[in-house]
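Once you scroll down, you'll see the structures, which are given as structure tokens.
Each of the next two complexes has chain A plus one more chain, namely chain B in the first and chain C in the second.
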Partner chain A sequence: MESPRAILEVEGLKKYFAIKTGVFSRISGYVKAVDGINLRIFPGETYGLVGESGCGKSTAGMTILKMLQPTGGSVMFKGKDVLAMGKEELRNLRKEMQIIFQDPYSSLNPRMTIGEAIGEALEVHGIAKGKLRRERVESILKECGLDTYHYRRYPHEFSGGQRQRVGIARALVLEPNFIVADEPISALDVSIQSQIINLLENLQEKFGLTFLFISHDLSVVKHIANRVGVMYLGRIVEDAPKKEFYSSPLHPYSQALLSAVPSMNPEVQKKRIILRGDVPSPSNPPSGCPFHTRCHKAVAICPKKVPAFKKVGPDHYASCHLVEEVI
Partner chain B sequence: MYGYILRRLLLAIPVLIGVSILVFAIIRLIPGDPARAIAGVQASPEFIEQVRRDLLLDEGLHVQYYVYMTNLLQGDLGRSTFTRRPVTVELLQRFPNTITLAATAMVIATIIGMSAGIISATKRYSLFDNASMLAALVGVAAPVFWLGVMFQLLFSVQLGWLPSGGIGTWKHLVLPALTLGLATAALIARITRSSMLEVLRQDYITTARSKGLVESVVTYKHALKNAMIPVVTVMGLQFGTLLGGAVLTETVFSWPGIGRLMVDSILARDYPVVQGAVLLLAVFFVLINLVVDIIYAFLDPRISYGSKKGE
Partner chain C sequence: MFNEKGQVDAVSKLQTPKRDTELRQVWRHLRRNRMAMAGLIVLVIFLLIAIFAPFITQHDPIQRDFGRALDLPSEEHILGNDWLGRDNFTRILYGSRISLAIGLISVTIGMLLGVPIGALSGYYGGRFDILIQRVIDILIAFPGILLAIVVVAILGVGIENVMIAVGIASVPIYTRLVRGSVLSVKEQGYVAAAKALGIGDARIIIRHIMPNCLGPIIVQSTFQIATAILWAAGLGFLGLGAQPPDPEWGRMLSDGRQYIRTAHHLTTYPGLAILFMVLGFNLLGDGLRDALDPRSRKYK
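On to the complex of A and B.
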């Protein structure tokens, strides 16, 4: 699997948020939102990062783009160290890495017309101005299923689905290679969700995009992703090619998540694994394997030792004491 | 837009009628006899009676109000019972002074308040943020008359830099405008800060950063413009408060504006002047609020008063 060169390589990425208490803002602890994750994404691929709310998926996305300053680890994009970049280099990098947000209502500046919002990036990077800028913006609007007359409109004149198309157009106008899509369809109506998914797939094919697709919806990820990573309390607990993940998940958490996906066929009775309790606080994670408090398979060793993130099959990784390592 | 302005102006009429009735009633509740005040302490009872009849004070309140309104609609605010000069002349002579004072105070407040608010929001929890918010708290809490006297003590008595009262050069304007403006500056700073923080949390700020914009463009072009609505609202309301606050400031600094005229007139039971002054301030207040509402439409494309798009 080492043959093609990964477009994005993340190693041991950490993002801790300090908890400050008292009058003098003493640091009393850290929320370990992202606690040492490894990712490798290849060109043209879609990597689906899944997990419950609050597991750190969005923080991971923001940190990879260096929109948040990481606490530790490394991010290599096309062989260049993103975290070591200076301001100017980082600004140039923005042309190649973009983000699509979950909430199409808060991700567009309400005071800017669509044309300004999308075209601004072109001007900042000195790519196009005036008439040329307008042409570029109109063409990307058309690519994203919008009309050229939308150029002069304000965000409040659009529906949620249209706004998300604007958000995608905005991300694509700089012709990036890599896009972090942070729950891009979770805020939309189900009928609109599939339209946006199809749009993303078409654009991926046309422009050769690579996606880091963050979602909590396993059925959507199954549709769009090539590879799936499951996050729990700031760590990736399983990482596998899509087919293998959906047919034979190895981590008990993945198994529980998949058992909760509703089936299309009401005749099929699935045995649902019900997770006990809530996600523990990331400021005070459980000892040993962070999942042991809720795991239906937990054994004596689980609370004592943190399981290694090991190779458990060809191109399949998991961190669980109960899964055998394969070399 | 023009239809909206016209509608708002028509709506102002009942407001102003209400104000006139209130002032008319309240001032007559103040103990003291204007006829005696005008005639002087040593006047004979017959003379006082004469003055009372001249001023229609022996008639019922409704008659007095009717006569007052009839004259008012003809542009006649009556005459000062004290100086015998027309109220309009008295007001117009003083009003520009008050406007100068309030406007200067507003400019000072906006400059100090907005810069402090913006820096506080972008450098949240920094030393500057904590210090300026503490100062803002003090600024909001400190009474104008106390602040005024403290400034006089420091800058006029101790340091001798600026005159302690009166009118004439720009130097006379500094202390009263500063006194009047500081509380508003504090308020604007707090509102700007919280509104900016609210906006800076939005995804479109991250979007703006992800476009590769430099931080100052993100702060001013993307964040500040969106944070302006609550700030403008407060500024509009505060301008009215400044006109009212001018009453105290003008008294402390012997500034010959509407505020001091009102204080003097109340003490002299000069009903027509007090009524006229309050009515003038009310008109101004209503107009400023209208201007603020119109500014909204320019600040935020989502607000539209026209019927063009047909809601």
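On to the complex of A and C.
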């Protein structure tokens, strides 16, 4: 796993939320939303982070940007430790790392024009003011498939897809290198989804962006990502290059997820793996392997021992007792 | 893949015509509410009276005329005279200046103190929030008028002190209200986006959060002006507010009380004036609350 050119390296990142009960707000437990994840993303790459809802994907994205204070672990961005940064350094980091949100409705301030919403960051960071600011905003609007006259419009005058374009323009206006795309298309109509995906791909090529693409849609990730990480209950259970992941997933959870993706070819009979039950509560995760309660391959050791996150192939990692480690 | 919320929002956007500002929508809804318009008209009349009082009556509100003391309503003195022979109608007209000033100034004081405290308390949370809210709990435990009496007792009697007292007494209400709105608005995606863009807390509160908390503040202020006028009249009635010879309605009520058997016009008309002004603000506030709530606005 040693390569110095990674733009983002995450090691053992943890984010626990305290559960407080009673009059005196005694801490009675923790929700382990992110429980020790490792990531490595290379420049120009798209890393697809997938998992069921509630598995901690979004929390992981927010914690990497230090929008949430992590409980433990480290985040290195371009060789600098994000978590050790002071206020001023963190402010400068915002110019390099940005986020696109899932819900295009709540992510735009209803009382700000599009121009203000996008241009505000330019002003705050002292990059551009007045006429220059307007020019910068208009050029980024055009890059994102909007028109310059949208500058004076309010968010309620836009459709969901257009709003998401505004959200993308806002994230790009500071010219960042790395973007966390937190389910950027899951709130949109299917017909709009492909437009936004194409836009993200074009922008990636044009500006040399690196994406952490968070999604629960395996077909979209298959299209856009270079590498895939599967999260379950706050942990990454499998991490592999895209081709390898889709052709030979090794973790039983990944296998179950992939068996649920609808096929384009009705002739092919796929064996569907049905997962029993619900995702266990992250405040009280199962003992041993967190997936053993729902795993179709579980054996005696699974509830007893947490499987290590080990190398199971060249550039392929998984945490399962049933998979052999290769060195 | 299919987001229900997105769908619903898209449909509702179709119903409202393009380029329609929120202000215009609120006004359109308000105009259709008869009670609110009645309240607004009453208030406009009071405002005109307060501005043009010297042109409506040729009498002086504090000029005594002992020969005509306690006269019943007549052609020259349409609402009669008080025990010092001052024209009752004129005093009520000038009294609207005092009541409106008390209402507006004390609510402004309450807002200037309560809104920032509530906003900071809601935005930062934690120990600071707990501390502020416990202090507010203590203040809310007093009935508003009692709190105002305590403050007047400390500051001394007089109309300026009444404004300050009533203002302070309305601080806890604003603090609670704004804190609640800020708590819900700060969870919105655009606040997270602003943070991710490196925008400072002060700017986030002023530019992103407060503009989206304005609705409840406007509605509460309308009601709060009515309450302030009532509290001020109560303080005046108790002799803690405006001092003679100022024509303050509450004071006029308490002074006229002893002549109620022979000259009821000294209590009836100032009482009606208070009633109508408070009613006006309350009706308008009710209407504004409906008009500013997008849910009640859409389906009419």
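Keep in mind that, in the parts below, the second predicted complex is superposed on the first by the 323 of 327 C-alpha atoms of A that agree within 3 Å, B and C clash if a C-alpha of one lies under 4 Å from a C-alpha of the other, contacts with A are read in each partner's own complex, and residues count from 1 in each chain.
The definition used in the following text is that contacts are C-beta pairs under 8 Å (C-beta built on N, C-alpha and C of every residue); 3 or more make two chains touch, one makes a residue touch a chain.
Everything numeric in this text was worked out from a predicted model, so none of it was measured.
Colleague: Label the relationship between chain B and chain C on chain A in the superposed model as either fit or clash.
Modeller: clash
Colleague: Would you check which partner chain A:Ile197 touches, where first means chain B only, second means chain C only, and both and neither mean what they say?
Modeller: neither
Colleague: Would you sort A:Asp103 into first (chain B), second (chain C), both or neither based on which partner it touches?
Modeller: It touches chain B and chain C both.
Colleague: A:Ala298 in the overlay: touching chain B, chain C, both, or neither? Say first, second, both or neither.
Modeller: Neither partner.
Colleague: On the A-aligned overlay, A:His125 touches which partner chain: chain B = first, chain C = second, or both, or neither?
Modeller: Both chain B and chain C are touched by A:His125.
Colleague: Going by the touch definition up top, name the partner, chain B or chain C, that contacts more of chain A.
Modeller: Of chain B and chain C, C contacts more residues of chain A.
Colleague: Classify the contacts of A:Ala187 with the two partner chains as first (chain B alone), second (chain C alone), both, or neither.
Modeller: In the superposed model, A:Ala187 contacts chain C only, not chain B.
Colleague: Now for A:Ser159: first (chain B), second (chain C), both, or neither, which partner does it touch?
Modeller: After superposing on A, A:Ser159 lies in contact with chain C but is clear of chain B.
Colleague: Could you say whether A:Asp217 touches chain B, chain C, both of them, or neither, answering first, second, both or neither?
Modeller: After superposing on A, A:Asp217 lies in contact with chain C but is clear of chain B.
Colleague: Using the superposition on A, tell me which residues of chain A are in contact with chain B and, in the other complex, with chain C.
Modeller: On chain A, the residues that contact chain B in one structure and chain C in the other are 62, 65, 67, 90-92, 94-95, 98-99, 101-103, 106-112, 120-121, 124-125, 156, 167, 170, 174.
Colleague: Under the stated contact criterion, what part of chain B meets chain A in this complex?
Modeller: Touching chain A from chain B are residues 125, 202-204, 206-214, 217, 222, 225-226, 299-302.
Colleague: Which stretch or stretches of chain C touch chain A in the complex?
Modeller: 1-3, 5-6, 9-10, 13, 16, 18-19, 188-190, 192-200, 203, 207-208, 211-212
Colleague: For the complex, give me every residue of chain A touching chain B.
Modeller: Against chain B, the touching part of chain A is residues 25, 62, 65, 67, 90-92, 94-95, 98-99, 101-103, 106-112, 120-121, 124-125, 154, 156, 167, 170, 174.
Colleague: Can you tell me which positions in chain A touch chain C when the two form their complex?
Modeller: 62, 65, 67, 90-95, 98-99, 101-112, 117, 120-121, 124-125, 156-157, 159-160, 167, 170-171, 174, 186-190, 193, 217
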